[in-house]
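When the chains are written out, they are named A, B, C and D in that same order, and each has its own residue count from 1.
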Amino acid sequence: MISVGIIGGTGYTGKYLLEYVKQHQKILDYSIYANSSAGSQLLDIFPELLGVIENQTIQSVNALSFEHDLYFISLPHGESLKYVPMLLEKGIKVIDLGGDYRLDSKELYNEWYGFEHSSSNLLSEKVYGLVDIANEKILNSNFIANPGCYPTSVQLGLIPLVKKFSDEIISISTVSYSGTSGAGKKAKTELLLSELDGNVKAYSVNKHRHQPEIEQELAKYGMKSPYAFTTHLLPIARGIYSTSTVHLNYEVSEDEVKQIYSDWYADSKFVRMRNTPPELKWVVNTNFCDINISAKDKTVIITSTIDNLIKGASGQAIQNMNKMYGWDETLGLLNSNFIKA
Amino acid sequence: MISVGIIGGTGYTGKYLLEYVKQHQKILDYSIYANSSAGSQLLDIFPELLGVIENQTIQSVNALSFEHDLYFISLPHGESLKYVPMLLEKGIKVIDLGGDYRLDSKELYNEWYGFEHSSSNLLSEKVYGLVDIANEKILNSNFIANPGCYPTSVQLGLIPLVKKFSDEIISISTVSYSGTSGAGKKAKTELLLSELDGNVKAYSVNKHRHQPEIEQELAKYGMKSPYAFTTHLLPIARGIYSTSTVHLNYEVSEDEVKQIYSDWYADSKFVRMRNTPPELKWVVNTNFCDINISAKDKTVIITSTIDNLIKGASGQAIQNMNKMYGWDETLGLLNSNFIKA
Amino acid sequence: MISVGIIGGTGYTGKYLLEYVKQHQKILDYSIYANSSAGSQLLDIFPELLGVIENQTIQSVNALSFEHDLYFISLPHGESLKYVPMLLEKGIKVIDLGGDYRLDSKELYNEWYGFEHSSSNLLSEKVYGLVDIANEKILNSNFIANPGCYPTSVQLGLIPLVKKFSDEIISISTVSYSGTSGAGKKAKTELLLSELDGNVKAYSVNKHRHQPEIEQELAKYGMKSPYAFTTHLLPIARGIYSTSTVHLNYEVSEDEVKQIYSDWYADSKFVRMRNTPPELKWVVNTNFCDINISAKDKTVIITSTIDNLIKGASGQAIQNMNKMYGWDETLGLLNSNFIKA
Amino acid sequence: MISVGIIGGTGYTGKYLLEYVKQHQKILDYSIYANSSAGSQLLDIFPELLGVIENQTIQSVNALSFEHDLYFISLPHGESLKYVPMLLEKGIKVIDLGGDYRLDSKELYNEWYGFEHSSSNLLSEKVYGLVDIANEKILNSNFIANPGCYPTSVQLGLIPLVKKFSDEIISISTVSYSGTSGAGKKAKTELLLSELDGNVKAYSVNKHRHQPEIEQELAKYGMKSPYAFTTHLLPIARGIYSTSTVHLNYEVSEDEVKQIYSDWYADSKFVRMRNTPPELKWVVNTNFCDINISAKDKTVIITSTIDNLIKGASGQAIQNMNKMYGWDETLGLLNSNFIKA
């Protein structure tokens, strides 16, 4: 049994993290820390949790204790930098759900995030927690950078193919659509229902911070081709749907490609290979990533879908925790009870 | 041909006002005035109008000219007070789309709007512009208070019945649901798509400013019974759906009630009596109000629906203008062209 | 530990019933029976359950076994009549989620359902399972008629008030809005997303089968006043929002009414009294019913909301089962795990 | 002034065709023909048109007259074949909104549509009506194959680039998302709001009939590279959003590419080049196609959006008619009146 701290637990991601932590059989107790919500009552922030979770006062990050075994950090970009070094120094485990340590090089932070990384020495210490791709480094690690939501959906869909055909691939492009909860809970006119009802738009074209994350990781599996990534907003709150098109100089059979994926994910509890393009609703409120492969001539089209707040954030974080401690990877994650509270 | 000024033309209502004005065959020219948007280009605020409306600079209300024959005012509560007296004094016509002059008594403004009315002498000068209910006072009037969106849907549905059965009615209650555009364009967390997707909630119960407006007007048609009014937010941008339940001490036949409404609206171009409960989509983007009557035993249920931004605001304002000038009431409003730009 | 049969487990309600049954700690095993889906694989009908529930062949109701301790029946109107008498005769427990036994009199079935009830002797044997209203008859009963979705939301909101003020109430009206899943999974043009997107409409006005159910039950708590009930379709899949307006000949204080409700539901695990109008999203995917009271002058407005498929069907059925067997009422229902599979 | 026949005017596309025809200043009169709806009253099919369009009886296609100057055909695949040859033989003009004559070769119909083309001699007679791309052949032509909805959005976005860089392009992929109205009005479970609310899915991957149409037309502008096309369903009724990724072996500057498009569409009334990715809502209910270009390194990303029922069907058909007769291309299409009726 461990004790857990949640730093920044009052946003959309934080809520699910909290619910997972609350009911996890290996977690004895937990505390919640936040910035602007400090001093508030938990049930004022999440009234839907009445009767499900005991009320408690949100504590201030300024008075962060170091009494927990593991801290989940779910803060805006640049904020994790303030807490990670001191926690690690004290030998405390950290799972960071933000982007502050996902990239491997200081330079990429200057270029894509626009800040000078203040603890770049830790970039090589973190383990990138794409946990469904076999990664024994997670076990016993102290510091996990939890992957971004888009990158999780994209990489789970592309890595097996890239690894196998890196020499034959001539181009890859991904078009992703996300629900609005990925943009956070802050009030912005462009995120009003009045603006987005019945609407769709691309955004951050060629500028999305998840692009260097995807390129960095795919390169580790051999990607040499150009890669393009375009993100769009869906007029719904939850879920990511990613469609990747891979052009090769080689005619692959659909059966061959499907076999590669089946083999790769044979033991995975959370990646489900599908014979038809998956529906986003199949994965909403779950930690699953559903993937379909379609190949014709020299082109492979891969559709993959996740819940951005669960598999793309809190669910994967819990799965990483389970793996860190050597527990069953599905603990607290595969219950068929959909009661969301 | 007249010249028109639009004060506050950059919100959701303003956009449709602008489009109506732009194409109205009796309007020679127009200017747009605003507060915070002053100095902006119109097409930066409404990029969808590119190719439809010529770009122009939004002028400041602080430099309001008095060169137009008629001004439409579409400002937040309390703001019309600043402009209406001076415009009327100069003999200029005004159609106010806000609530500052809809109520008849100074006291109601203290109670429901929370401000001291600074030109309460004008409250009795205005004509309440519920234009589909025969109101010859509109013709040649100088000052119209354009009805609220909810009150338009509710009153068109209730007045014929109230007028006929005021002595027999024992209670009336209206439950209205509105799209979010009624709440305006200002960024608020509670209006984010992430909060409202798949969601519904009642709000301002027993506190909505449209309640005294409805009660004031229904009283003029004889209402003596208690009246209850509850407003809700729909997870869509446009439209209002009002369901009024009238309990009587008298058993009415559905045919009798339907005949009353048919007679009442026989010449109306914009109220459409329906044999089934109307669908909200039938009226979205139009100036129509669709109404259905269902009676059983001593109860009459009336459903009525409008587009909150058109019939509930800009469309009715144009219809009022047409009537003020003695033009065909449908000018610019009944074109079957749905091109919305 | 008991063994359970689900008859008609392939619709929207059936899916959640199945998930609840699958994970319930007191249920040892279960079988699924259906009509048109007989012979199909469960995972072909619910592909989203892959990895959560073991696949199995849906059995035919024509080959219904009698080996289970309890049967849940989730079939269209008129279909339960075929199975309930023979199951009860064999001493097997039944929870019927349909409407075939909810009403108390044979005549009401002729009038509202349009069929001749073939086992009307059982109408008085059933216990009406509105389980959050203290009902000790459920314990040890063999036959529960699970309440309709609308009636559940309406009655939980009205019974405490009706019971207390039956002599003072002069009229009650309820306006309910429901997501489309309540209309079932059968293909109909009027239920297409293309028809309902951004749309709202009233339906079955003065003709809804849930009206006599509500009137029958409220009468048991003393209701003498006229009652009106109007149902509407929301452009979303899940949830019911009911707004009841009660006119009295007596001025009640809001505090007084709130106290009545607090007392009534003091021990309830699933009715949550709220200080603001509840949001539908607070209850989606849960077995909760959230209620708010607003009183002013002689009028009380009650908003109540549930998930139509959970509290309005499968969740309440499980709660009834728990109560029948004397288990903790919350078993399998209050887990904070929202994983829906 | 001409007289017009609409064959198949009772679906989603037909309604808008009807409204355009009704108000077009060059159209004197019109008749509506249909199959299963023959004998119905127009206002029973489109109740929202009450007060906007005169009621009329839908005539049967079996009693098709030949008295009109021009026929619009809006029928399911394979149905236009029955009418086009006889109309053309009589010297009557035809604009076919279906797919029966869009492809140039008989073989493609066998492969992609699964039928033997019965008048393949006419395939070379038709003019493919992508009217915003300069095509003087439309003027004075008798027979227009109106482009598919997806192909319209995709080709307007790609043709200028393909024409310029055909030798440098190494791959093109398009990911398109469409509202559900593109799937028609026929009742199917998979198109229910209950199934699609909050949902997204790819469909017809590598099998969509619009793929050969796009490839055929892009080839005419020089495309030699592989092309991939993936279609998805959005949980909204209206609009198409297409994102095309073009990989080149040549580093292009964004300015250079933007200039190519600006030049190309300088005189276009309906293609609007945008400096940011367009929003789908900007074009809904209009005949516009909005396009944005983003280029970086050797990749160009093009987003383009249209209303599938207007620019992707009825609006483009009217624009084609205008061009056929040598009228102003914008007649009846650029009114800023959004009243949709």
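Going forward, contacts are C-beta pairs under 8 Å (C-beta built on N, C-alpha and C of every residue); 3 or more make two chains touch, one makes a residue touch a chain.
Because the structure is a prediction, the values reported are computed rather than measured.
Undergrad: Let me check something: if the centre of a chain is the mean of its CA atoms, which chain is farthest from subunit D?
TA: Of all the other chains, the one whose centre lies farthest from subunit D is C.
Undergrad: Per the definition at the top, count C-beta pairs in contact and tell me whether A-D or C-D has more.
TA: A-D
Undergrad: Please work out the Cα centroid separation of subunit A and subunit C, and write it as a whole number of Å.
TA: Once rounded, the distance between the two centres reads 37 Å.
Undergrad: State, to the nearest whole Å, the distance from the C-alpha centre of subunit A to the C-alpha centre of subunit D.
TA: Each chain reduced to its C-alpha mean, subunit A and subunit D end up 39 Å apart.
Undergrad: Using Cα averages as centroids, what's the distance between subunit C and subunit D in whole Å?
TA: 46
Undergrad: Touching two or more other chains, which residues of subunit C qualify?
TA: 195, 197-198, 235-238, 279, 281, 284
Undergrad: Considering the complex alone, what residue numbers of subunit A touch subunit C?
TA: By the definition above, subunit A touches subunit C via 16, 19-20, 22-23, 47-53, 197-198, 269-270, 272, 274, 279, 281-288, 310, 332-341.
Undergrad: Where on subunit B does subunit A make contact in their complex?
TA: Residues in contact with subunit A: 12, 179-181, 183, 185-189, 191-198, 235-238.
Undergrad: Please name which positions on subunit A make contact with subunit D in the complex.
TA: Residues of subunit A touching subunit D: 170-171, 173, 175, 177, 195, 198-203, 205-206, 226, 228, 230, 232, 234-239, 241, 243, 245, 247, 277-281, 284, 292, 294, 296-299, 301, 303, 305.
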